[in-house]
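Each in structure tokens, the structures are laid out below.
Look at the two complexes coming up: chain A is in both, with chain B in one and chain C in the other.
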Partner chain A sequence: MSAGDLSAAPLELAERYLEIERPEEALAALARATPDEDPERYHLLRAEAHLLAERPEAARDAAALGLAVEPESIPLLLVRSCCHERLGELAAAEESLLGALRQLPDEPALLCRYGRLVARGGQLDKARRLLAEARRVDPDSREAARLAMLLDYLAGDDRAAAEGGRRLLADDPEDSHGVAMLGLTLLERGDHGAAREVVVPAAALDPERLGGLAREARIRTHPLLWPLWPLQRFGSVPVWFGAVGLILVTGRLASPRVSSILALTYLAWCVYSWVVPPLLRRWVVRRGR
Partner chain B sequence: MSTDDLLSPSLRDRQEAEARPPWRLSSQVWIGLLGGALPVTVIGWLNAERLGLERERRTWILVWGAVGVALTLLAVGWAVVASRGDASAQRTWTRLASRAVGLLTYLAISRVQAPADRAFRLFDGRPYASLWGPGTAAVLLLGMLQALGAMALTRWVAQ
Partner chain C sequence: MSDRVRALLDALALSPASVPLRLMVIELLLAEGRGDEAAAQLDEIGGGGEPNRGEPNAAEALQGAKLAMQAGRLERALELLEAAKRQGAVEGVAELERSANAALAERGVRRLRVVRTGEGSGPPPAPVGERPTVTFADVGGLEDVKKTIHRRIVMPFRRPELYAAYGRRAGGGVLLFGPPGCGKTLLARATAGECGVPFLNVRMEEILDPYFGQSERNLHAAFESARAQAPCVLFLDELDAIAFSRRKHRGAAGRPLVDQLLQELDAIGADNRDLLVLGATNALWDVDDALLRPGRFDRLVFVPPPDVAARREILGILLRGKPQAGLDLAALAAETPLMSGADLRSLAERAIDRVIEEALEGGAEPPLSQAHLRSALAETRPSTLEWLQRARSYVEFANQAGLYEEVAAFLKSKDVKAAKRWNPPPRA
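Up next is the complex of A and B:
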């Protein structure tokens, strides 16, 4: 057996551990290897392991060590970009991602990833141009469909975002990411029943990712919150204008007495809307434990 | 627009978001209701810094805030004229007008903040900061400042 085989074995082992999401074992395997044989792969695996173990700082440093040896490595640039993004360092994430994108400017997945990053930074127009570019290269790209939905959601176009989400799920009903985005969009629109129908069954299959959203959908469709539907449907400001208008008109047309009963009812309803939802949320969280 | 232009960095010059997490957008409605246009604008502006809002969008908060304060003063002037010397009616209408304009200002300002707020909720993972302290301070101090301005205007209109 040659020396090359001996040092390659730990890397393969680490790869297997990462596939089954056991980062600490992967790092232990890598500790037995030396970087010299295949530095790109060695540092990449270390970075991925740290990232999987929720240590983005360590992962970023591991990727930087690899990039010092292989400055043009696309996988290393991408993993470093991901670390920076996780740490909220958007400008550094952009620099790494562009390093990869300049080598593969026609790759829809990378274009979409960049679109997502600039969208996170608030640059929705540029994100839309990147989306158009990705679709020019591949009109059926699934990443592009996801980015389109994200951009509609961020721009506040919940109707378009929900349509995009339904199309994504029509292609692949078990896509957790699509379920999460669609559920979030439907909750945002005040369409809580539909959100519950989408999210709760999917959460049974992927509780880790969708459990929190399913709980939120359950809370918002609870019978105790039914009296608050105008708030969810119209928003607090239009409801205030409606209530005050009604109180003023009845005071003028009917009697001051009817008007003050209405005012007291509205006030009681407001108090209900402050007190009941937080209590219900606390109760559901406690029961869920 | 060429690809070269698309692939040049644009996040470098961006105003980085502050380390402190932002305030919940829906909580700001109370500041509009209880304090009026001026405090909800100031809170919206400070929140824009926390969200790392683009400079151009941030300017819109000031624009809507200025429109809101001007509308408040107009509405107060109208309330004084419409109530024809009836002090109780004048108080009611002044208060209602200030609240109505405060809520409309909130609507406009929250729309400016909304995309960055959604991005925070989706990507950041930290909880919102509490608005209780800063909100109460804004309502009391700036709301009072705005009320004093309105009162001075009332006197001037009444003369």
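Up next is the complex of A and C:
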């Protein structure tokens, strides 16, 4: 065997290329192989390579070819489900995933994956049942912890979601998924400083996935936005009611002059809230750091 | 002559094919200062199939070469080194070969090189260095990069005494990074040409192997070959594939390859003197962090897309000899910010395709005009944009160690600003 001899052990070579995220080279190695020897592995590698190269349609077709030969192959069913999900074909994704689950009904990772899929389709109760089942099988499953955090977030329970995210990161501080979910939850809660502390250091390790969130955290913690904190914390409608109420009460109980000053101040604050954030956002993005 | 030597010589008379016995005799003779007799015994090792002369295995040939060096038989030492190489010896060969060459150079003998020759199993033939004829004069633009490389890499080879006076020496690791198609490989080749040393190009396909442990052996063989040919430039193209970040690795099989590369760069059990290891990568962020520490690839050189002068020069080279009329390449260069050399080639080819289409339709042979080029420009986007977009995230969030300072400076350059303002001309 000599290096670069793609005709020898092409499937193993393709696996090596996929490990280092080189899908095109993996496909080139597979082009020198035939599916006859190990059809499941051959089609699986082709599907994974296409998926890695952001070609879900081609990956789905490759997986389908493999499933035509090995209809019960769990890895192929999972790859096809992933392809369908990426293409937004949720029903087909569910069907493929159920094909795998029928064979491994007690596998927590599969249960959680199914839970994420149905949660994406809005079926939170069903997702919770799947989560409970996964936790029954493996109470320490990280997949289950991730799903629980996602469901808390989708249900609007930011406090529980943030708590779950902190537990995930306590086990693995470099878990990009955990960082992203926790950062997003903290930003939603208006806890911008905490979000920045979590996301910006993590973005140094994975800027491509976490860069956008880290940039958002930086913008929201910028000193120019401090005056807008009530807006970010409570939302525009409660703040509007509060301001108008205060102006009216001041007009009744104090003097119209004070009330007018308050009204003008509120108006200036509103203009500030319209003008400054977009300008700041553009500036931060352009400046780049 | 001592009794021990006499006894061994008697034994040797009975077993003349025993190489270990003969080596023992030579060693004792040298210890007793009987160089001529030792040299005569050295000649008896390996007789090319002659009866009564044992063929040494790899270790014996290497040992014989060492003793030949001690005896001052340099040519014989190199013959035995060749034999050791043929038998698959790798470790220690480069060092011995260097010593033999140095001694031969003192005698005014032309330098000899030991290169692996074909063999049955085991590592594949290691790359043999070529002497590139390309120099910096053949690389359009990139003046700042060329100047940096000249100072930091070429001059230590050309004036080693100056650098030695300050405790610096030639060689080490240098990593070229930047968007694809911007001339990293050409620059590496030109660097070897400027240094006047052999250039060994090692590509990912030549290293990666499906069988367990074989990739590491291939890499080791490449380094050993380079050491045997030192001073030389060992060029590792697509370094991110060979040394993919262990943190990002999707499996465990490739990790030993990174460990092996680290060992080679650290010269564990070997000597990397006068060996310049040049790496090139499009994705610096995918290269294992350990490789960027001092003593390994500690000099990073950013190779940006060509600037306007370089683009003008590249376009001139691409369109040289083609029928043309009224071309304003300076204007075209100004309209192609961030385009790589590969993009400019694509632009030129598209424009020429249009001319050929016109020739086929009209019968005449129209010259290439500015309109053809501008029409092709409407369909050509700089391929470096995606790279720069990714790099921006790394500059913003992952530049704590200052790896991306040059990229940060480039992102503030006129070209990037011009690219933001630039709109491709409408199609003709």
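General observations
Convention: the second predicted complex is superposed on the first by the 280 of 289 C-alpha atoms of A that agree within 3 Å, B and C clash if a C-alpha of one lies under 4 Å from a C-alpha of the other, contacts with A are read in each partner's own complex, and residues count from 1 in each chain.
The rule is short, and it goes like this: a contact is a pair of C-beta atoms (placed from the backbone, for glycine too) under 8 Å apart; a residue touches a chain by one contact, two chains touch by 3 or more.
All values reported here derive from a predicted model rather than from experimental measurement.
Touch criterion met: A:22 reaches chain C, while chain B stays clear of it. In the superposed model, A:154 lies in contact with chain B only, and not with chain C.
Of the two partner chains placed by superposition, only chain B is touched by A:88; chain C is not. Using the contact criterion defined above for the overlaid structures, shared-chain residue A:214 touches chain C, although it does not reach chain B. Once chain A of one complex is fitted onto chain A of the other, the partner contacts of A:244 are limited to chain B, with no touch recorded for chain C. Of the two partner chains placed around the shared chain by superposition, chain B is the only one that A:122 touches, whereas chain C remains out of contact.
In the superposition on chain A, the residues of chain A contacted by chain B and by chain C do not overlap at all. On chain B, the positions that touch chain A within their shared complex are 1, 3, 6-12, 14, 16-17, 26, 29, 33, 52-54, 57, 96, 99-100, 103-104, 106-107, 111, 114-116, 118-119, 122-124. For chain A in complex with chain B, the touching residues are 88, 90-91, 93-95, 98, 101-102, 105, 114, 117-124, 126, 129-130, 133, 150, 153-156, 184, 236-237, 240-241, 244.
Across the interface of their complex, chain C is touched by residues 1-4, 6, 8-13, 15-22, 25, 174, 200, 203-205, 207-208, 210-211, 214-215, 288-289 of chain A. Residues of chain C that touch chain A in their complex: 124-125, 203-211, 214-215, 218, 240-241, 244, 247-251, 253-254, 285-286, 390, 392-400, 408, 411.
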